[in-house]
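The structure follows.
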Amino acid sequence: MTSFRFDPPDPQYDARVRASFARQAAMATIGASLEAVEPGRVVIALPFSPQLTQQHGFLHAGMVATALDSACGYAGSTLMPADAGVLTVEFKINLLAPAAGLRFRMEGQVLKPGRTITVAEGRAWAVGADGGDKLVATMTATLMAVTGRPDVRH
Amino acid sequence: MTSFRFDPPDPQYDARVRASFARQAAMATIGASLEAVEPGRVVIALPFSPQLTQQHGFLHAGMVATALDSACGYAGSTLMPADAGVLTVEFKINLLAPAAGLRFRMEGQVLKPGRTITVAEGRAWAVGADGGDKLVATMTATLMAVTGRPDVRH
Amino acid sequence: MTSFRFDPPDPQYDARVRASFARQAAMATIGASLEAVEPGRVVIALPFSPQLTQQHGFLHAGMVATALDSACGYAGSTLMPADAGVLTVEFKINLLAPAAGLRFRMEGQVLKPGRTITVAEGRAWAVGADGGDKLVATMTATLMAVTGRPDVRH
Amino acid sequence: MTSFRFDPPDPQYDARVRASFARQAAMATIGASLEAVEPGRVVIALPFSPQLTQQHGFLHAGMVATALDSACGYAGSTLMPADAGVLTVEFKINLLAPAAGLRFRMEGQVLKPGRTITVAEGRAWAVGADGGDKLVATMTATLMAVTGRPDVRH
């Protein structure tokens, strides 16, 4: 298995990521919060809400993707310089099982950091009434570090 | 160019898709509405909302994906039998430009319908103050028709 | 439909792409040749060969991907500056039908060119004994322009 | 981390996968061989060959994809019934680093087996002169089990 240990170039990565997350209105709208911020890894907690469902009453795949995309993006951001903004170039998500659960844990993990391009992997876990975890989705996200663009900062 | 002309096996596809869309609470939450329902093609309208933004004030990539996923899924659903439910197996989205605009048009188009697997393509267009369109995202979605599962119907 | 009209910054794009293609040993190995080189669009021809098949006798999905990746990459390359090399960041391919046919036409088309990131779309068409075309695969590829790296030129 | 332990429904999975692999002419053409066949996991070995390169002398991304696709497909196949054939519905690959090395280890691992749809993950490792491994690509593949189609068996 790959072991992941990364040195963040910006010692203030934690505060920077938390401040940026707080500016993502979409996260507040869906009820998501930051559970962990580590070098190359970010975890987002998302409670189930009937407001976010698709027609069968499960969490909408797009809402799973929304939280996972932020988890992957911020995982990448922890390893970027202080003055870089992060953009999602693309992501791909596989829905492995219906997103049913009391709450969800969305994990983003950097696979390969880079000066321009960073690749991260996301895993969505559903937590049921018994506290057990079930893997419901997996993502691969390609991120780009952007500097010198005032409209894309953090 | 591919030309798309499909015969829907269920003559009630329009009513069935509209009823299912109305049950997707996530669509109401983000303010999305159905703009067009045709055989193999569905268009969803999404006004810009500051509630759905990422940290730079653009529409969050996950929200673009949420509306595009529904557009693709329902495009597939128009070509499925009356008793089939549709599930997203996976999707992939490329963000081509910041999702900035007054409103967005999310188009889902079936590329290849199938008994089990259907592949659809999504395009997200941002509409600006001048009425001009800009392509901001493109999606490929793999859908599965599911029958005989009461928890996954329409 | 999107209309594609691009101005290549390098007037020598045709010769540059053809010279680079000639250096791709993998293309000779699989028997692929350049059929068209236009601004933002490249077509590769690939005859069927029993050497390239999977276990059912169809063209191996990876061989479809190999030719489509080159078509997309060179489509992107036509719109890059003379001193830029092109790298595939990622691609995603949907296999729509078994790749059966006498020969295949692999089309790469730029959707969105960019200074750093270019997104292209690929379509694989199988040509049968009757001359009819069948869409057998679709690709989305993310490309990166690289300059100043002598190991990655053209 | 996810732990993977799967019970193959077909006790003859090893012989079945090896026989099918032997029928993939594309594997012989590129020089690939089976290194390991386990329940839910297949490893393919691929020596570097100048015949498989792109314009910079690295292994062509499509060749990396060819071997990884087979690794993922056969990983899925190990968990399928004896009478099922496996088809690749789609795959997505991220190229993390130039595929430079003496040889490559292509690992396919099932993330989620299913009656119809199976999702697998691929990792391509480059092995250098010093024996050290480098992750050069990662894949997600969606596979379908097909029964009752004589043209798609094993």
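Note that the chains take the letters A, B, C and D in the order they are written out, and that residue 1 is the start of every chain.
Rule of thumb we're sticking to: a contact is a pair of C-beta atoms (placed from the backbone, for glycine too) under 8 Å apart; a residue touches a chain by one contact, two chains touch by 3 or more.
Just so we're clear, the structure is a prediction, and the values are computed from it rather than from any experiment.
K.L.:
Which of the two pairs, A-C or C-D, is linked by more C-beta contacts?
P.N.:
Ranking A-C and C-D by C-beta contacts puts C-D first.
K.L.:
Computing the C-alpha centre of each chain, which chain sits at the greatest distance from chain B?
P.N.:
Taking each chain's C-alpha mean as its centre, the farthest from chain B is D.
K.L.:
Report the inter-centroid distance (CA atoms only) between chain A and chain D in whole Å.
P.N.:
Once rounded, the distance between the two centres reads 28 Å.
K.L.:
Any idea how many Å lie between the Cα centroids of chain A and chain C?
P.N.:
32
K.L.:
Distance-wise, how many Å sit between the C-alpha centres of chain C and chain D, to the nearest whole number?
P.N.:
The computed centroid separation for chain C versus chain D comes out at 23 Å.
K.L.:
Going by the contact rule already set, what residues in chain A reach two or more other chains?
P.N.:
Counting only residues that touch two or more other chains, chain A contributes 89-90, 92, 94, 119, 140, 142.
K.L.:
For a test of understanding, state which residues of chain D touch chain A in their complex under the given definition.
P.N.:
Residue positions touching the partner: 1-2, 92, 94, 96-97, 111-112, 119, 121, 123, 135, 138, 140, 142.
K.L.:
Using the touch rule from the top, collect the residues of chain D that touch chain C in their complex.
P.N.:
Residue list for chain D touching chain C: 20-21, 23-26, 28-29, 50-56, 60-63, 65-70, 85, 87-95, 98, 151-154.
K.L.:
Touching chain A in the complex: which residues of chain C?
P.N.:
Interface residues on chain C, with respect to chain A: 89-90, 92, 116-117, 119, 140, 142, 144.
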